[in-house]
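There are two complexes below, and they share subunit A, which is joined by subunit B in the first and by subunit C in the second.
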Partner chain A sequence: MSNTFAAFVSIGFHGLAFAMVLYLISVGLSVTMGMMGFVNLAHGVFAMLGGYVLTSLMSRMGVPFGLALIAAFLATALGSLILERLLYRRLYGGDELDQVLLTMGLIFMSVAAATYVWGPLQQPMHPPRWLSGQLDFGFRSFPGYRSFLILCGAGLVIGLWLGLERTRFGMKVRAAVDNLRMAQSVGINTSRLFALTFALGSGLAGLGGALGADLLAINPSYALDNLVYFLIVVAVGGLGSIRGPFIAAVLIGIADTGFKYLLPELGAFFIYALTMALLLWRPRGLFGRA
Partner chain B sequence: MLQQKIAGLALAAAALGALAMPAAAQTVKIGFIDTYSGPFAQAGDELDKGVKLYIKEHEKDLPPGVKIELVTRDDTGPNPDVAKRVAQELITRDHVQLLAGEIASPNAAAIAPLTAEAKIPFVIMNAAGVNIPRISPYVVRVSFTLWQISLPMGQWAAKNGFKKAYVAVSDFIPGHDAEAAFTKGFTDNGGEIIGTTRIPLSQLDFTPILQRIKDAKPQAVFIFVPAGKYATAVMKAWADLGLKDAGIQLVTTQDVMLDEELPNMGDIPLGIVSAGNYSSAATRPQNKAFLSAWNQAYTEKAIPDMFSVGGWDGMAAIFDMIKATKGKFTPDEAMNFFKTWKNPESPRGPIAIDPETRDIIQNIYLRRVEKVDGRLANVEFETIPQVKDPWKELNPPK
Partner chain C sequence: MATEGLVRPRLKPAPRAPLAPQQAIDAFARRHRYRWWEALPWAAAIAAYVLFPSYLPLGAQILATILFALSADLVLGYAGIVTLGHAAFFGTGAYTAGILAVHGWGEPITGLLAGTATAALIGFVSGWIVLRTTGLTLLMQTLVVATLLYEAANKASWLTGGDDGLQGMEVWPIFGQFRFDMFGRTGYLYCLAVLFLCWLFARHIVYSPFGRSLTGIRENVRRMHAIGAPVRRRRLIIYTIAAGLAGTAGALIAQTTGFVGLSFLNLERSGGVLIMLIIGGVGRLYGAFIGVPLYMIAQNRFSEIEPVYWYFWIGLLMVLVVVFARGGILGLSERLRR
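Showing the complex of A and B:
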């Protein structure tokens, strides 16, 4: 019996750590899809960029972990802002197929660019000494870095929700997601709002990619390899929702870890089955609007 | 279909051409296929260094007037299509007389049928997939098979107080070989396997599976994954989850404990036991001589490993064949020489080719990670002399 319990705790713990990374990366994608109706398949590129910034700063220049995380957030936010102004903006409200082609192209360019700059090998991520090893919680011990990941992710999620519920900026974002035309007619500068939201969402993805470099290994084909995970979280959670992707990330994270733990031979098969079942039951996702 | 036919015709033409035209003047052309890009580039670099070092040290020993020309090609990793194409080009366009190299088993398996068609001897310097020499009579292998290494590992574990073991391997052919061989060696000697897991190659996060092993509380765990990023990821999860502190002994193959990776692993691997055919920490005089040549040619930082020694010994076989035939040989003469080739002076100890299987007979060493002069090293502590590939004895050709 205690073995079953140990397995249960293990799956829950590692699943939650994975869920935090998935959520941080995907929430921005959900908001930009819901708000601007823009199919940004290249969202994972920002997560990858965050990961590269963190690993390069830490291993090549010896920058401390905390500073490198902040740098990863700022660098991806800034980078995405430039891309938004130069490329994305031109296709807002455009044909979805055009958007898919543009962002798929960006993914392929990111693969080539990352190979050119950082080489084809995976980037090593060494968590700081105080986070590596085991943390003893009395009844059992847990890996330190993943415990930190769960706490840090939870903190960011709460901050994000409070920010969207309680600040003026959050109010504008919610208004624009709910009804774009009405938001424009009450005088909200939606173009600037789009850019800021896009940068924030991409910055969060960069942060998620950096924090999760330990779980989703940073290598040039990152954006392509993990695209399915990010899309599943958004599709299951529901477009334009903040909470939906969280529930979806927890569901997917725990289910994926559970199957890797119990039936690794079947690979990721069950994730797709689960996704299909959920979408057949609720085609617009768990929290999607009709 | 049409393309295959054309390729087949081209090959046949090349074979005819090679037969009609005696080996060109006194230059022996060798097609060397190695991995220089992609995730296995590190292994390819080690192999390349071993081959080039042997040539540099021994070029002067060739018979007067005989020269060798190495035509080098990149197969870009475990990529059978590319490997087959470059082998085809080497045979039909460059008219090489020998093929050599190859890191990845799927590639070697794709090249082997071509060597049978075109009658080109193929000296495999690493690819360890157990049945490859059976695909073509023109294949000879100087590296190892996973059966040869994992079976002794299982025997040792069972005979040294470990009764319950867990087995986790990568879900591809070498992984299946390692799993079956370890399980046989372990259970034949009274051990019990309490769990077996095959991990998809697409999965690089080993934490869930190592957590499961930790929860299962075995006395020992046997893990086989390919060298490089997989091995690094396993060691990372091993450290994060504290399996060593939980009293679990890791036993593995040399792929996970590569000599040149050890310095990057901190103190985590101390005490891990692995089986292998070569450790750069070996104190044999032949290895000392090899290391001193190596350190002179390359910087102190580069550490030779099983790939380098595979390249070195493969070149030794080719050089000995050229010396014996004065550089003029037919494919069958070359193969007849390789089949009985012996080298008592290899850095890894005495080696010989088994004429029956064209696979290598060699010592298998059990090694433990210890600190030597402040650096981690795989220290050999037990030798199992002159091991033949056990799989071919258990599975005679039909």
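Showing the complex of A and C:
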């Protein structure tokens, strides 16, 4: 009995850690999709970039973990801003197919570029010493890094939600997601808002990719391999929603961890079948607007 | 999604001078007739058979991939369903024909038909679920279907060979007469004949009233709903047909190369076929005939040097096509003629 309980606690714990990473990466995608109607398949590229920045700063240059995280955020935000101004902006409100092609092209380029710069092998991620041990909570101990992931993710999520609810910038974002034309008419500079939101979302993805570098391994085909996870989280959560993807990420994270633990042979099937069933029931996702 | 009225409007074809009523009627009546240039791809294919006898195995793959791209064009270019999982059907057809051939049924024509039927069945079932949604959700679900099949093929290694791929196929001579030779002559002609028949079929669909209503659905779903067209049923029908044709293409490649692997089902395959189609031009029925040979010949040349960096250039090409040359090569040539 206690073994079963321990297994469930363990699944919940690791699932939650995975969920935090999924959410941090996917929330930007959901907002981009809801606000600009842009199908950004290349969102995973930013997460990968964040992971690469972190791992190479830490292992090659010995930069401390905290600083490397900040650098991962800034580098991806800046990189995405450039791409947004150069490429994405041209296709807002355009054909879905064009957007898919553009972003698929970016994915392909990222695969080759990452292979060129970092080689085809997976980048190892070594958490700092103060996080690599076990954390004792009295009744049982948990891996330190995963605990840090959950806490850090929770902090970021709360910060993000508060920011969207309480700040002027957040207000504008919500207005633009709700009704773009109206937001434009009341004088919100939507072009700049898009750019900033895009950069913020991508930066968060970079941060998520960096934090989750030992869960979703950083290798050149990262953006291709994990695309389906990010899309599932966004579609199940509901496009344009901020909280929806969180619920979806927790569901997917825990279910994926659980199925892979309990039924390693069939692990991945359930998550896909579950997704299809959920969308059959609610085609617009859990929190999608009609 | 409130995307209307955003930064830039959808690209519309440049307006032509309106036709007089009688001219318009004539134009419609002549629309489906064969034109001289429609013979060009076939002439080129036969010329290639004579001129490049040492490249026939590659040629057969190109022909089968043209069929794959043609099937994607029906879904994408005519029905406007953006899919990231078309490889699901290609792989299903390939595995069906391959598994039959490994287990003692190497008759190619029935193997081909079995591949087509299985793929169409999967297309029908998945389409029934997937086509309820639109946009990113639809995209994700097509990808999920392909990923599911990929995982299934990966796990069922007793049947599919898993990571190593399916090996040891024995394909019998076509009609008991024409043996698949080592130079790929039979394979080439076999692919050419199948492609020709499927092309006739696809062309027939596109120019039929059904094809017109698909174009209507692509251009303006709401209006098609409003005039009472059974939108969902039509999209499901074309999705099923295209899945079947993709299955035919997969079975063709399986039979001519004697190999099926997991790469037949992956995202690179689904994305790759989109790229080839885009290079040629979407929704034009001939985009596949231009894009696929260009892509595959270039890949054959360049990837020998550096396979990984091939992806960089192809990615860059996609970005450039989207930004500067919408409509691909056929679109460019149309614009130049105007």
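By definition in this document, the second predicted complex is superposed on the first by the 289 of 290 C-alpha atoms of A that agree within 3 Å, B and C clash if a C-alpha of one lies under 4 Å from a C-alpha of the other, contacts with A are read in each partner's own complex, and residues count from 1 in each chain.
In this text, a contact is a pair of C-beta atoms (placed from the backbone, for glycine too) under 8 Å apart; a residue touches a chain by one contact, two chains touch by 3 or more.
Remember, predicted model here, so these are calculated numbers, not experimental data.
Trainee: I'd like to know which partner A:Gln122 touches here: subunit B for first, subunit C for second, both or neither.
Mentor: First partner only.
Trainee: Of the two partner chains, subunit B (first) and subunit C (second), which one does A:Ala75 touch, if any: first, second, both, or neither?
Mentor: neither
Trainee: Could you look at A:Asn179 and tell me whether it touches subunit B, subunit C, both or neither (first, second, both, neither)?
Mentor: second
Trainee: Of subunit B and subunit C, which one touches more of subunit A's residues?
Mentor: The partner making contact with more of subunit A's residues is C.
Trainee: Could you say whether A:Glu265 touches subunit B, subunit C, both of them, or neither, answering first, second, both or neither?
Mentor: both
Trainee: Considering only the touch criterion stated at the top, classify A:Ala210 as touching first (subunit B), second (subunit C), both, or neither.
Mentor: It touches nothing on subunit B or subunit C.
Trainee: Which partner does A:Thr257 contact after superposing on A: first (subunit B), second (subunit C), both, neither?
Mentor: first
Trainee: When the two structures are overlaid on chain A, which partner does A:Ser132 contact: first (subunit B), second (subunit C), both, or neither?
Mentor: Touch status of A:Ser132: first partner only.
Trainee: What residues on subunit A does subunit C touch that subunit B touches too?
Mentor: Residues 120, 265, 268 of subunit A touch both subunit B and subunit C.
Trainee: Which residues, counting only subunit C, touch subunit A once they are in their complex?
Mentor: Subunit C reaches subunit A through residues 1-11, 76, 82, 84, 129, 132-133, 135-137, 139-141, 143-145, 147-148, 151-152, 155, 267-268, 271, 274-275, 278, 282, 308-312, 314-319, 321-323, 326.
Trainee: Any idea which subunit A residues touch subunit B in the complex?
Mentor: The contact residues of subunit A facing subunit B are 3, 6-7, 10-11, 14, 120-122, 124, 132-134, 141, 143-146, 214-217, 257, 260-262, 264-265, 267-268.
Trainee: Would you pull the subunit A residues touching subunit C in the complex into a rising list?
Mentor: Against subunit C, subunit A makes touches at 33-34, 36-37, 39, 41, 87, 89-98, 100-102, 104-113, 115-116, 120, 179-181, 191, 220, 224, 227-228, 231-232, 234-235, 239-240, 265-266, 268-269, 272-273, 275-276, 279-280, 283-285.
Trainee: Any idea which subunit B residues touch subunit A in the complex?
Mentor: Within the complex, subunit B contacts subunit A at residues 37-39, 41-42, 171, 197-200, 202-205, 207-209, 211-212, 215-216, 229, 232-233, 236, 239-242, 245.
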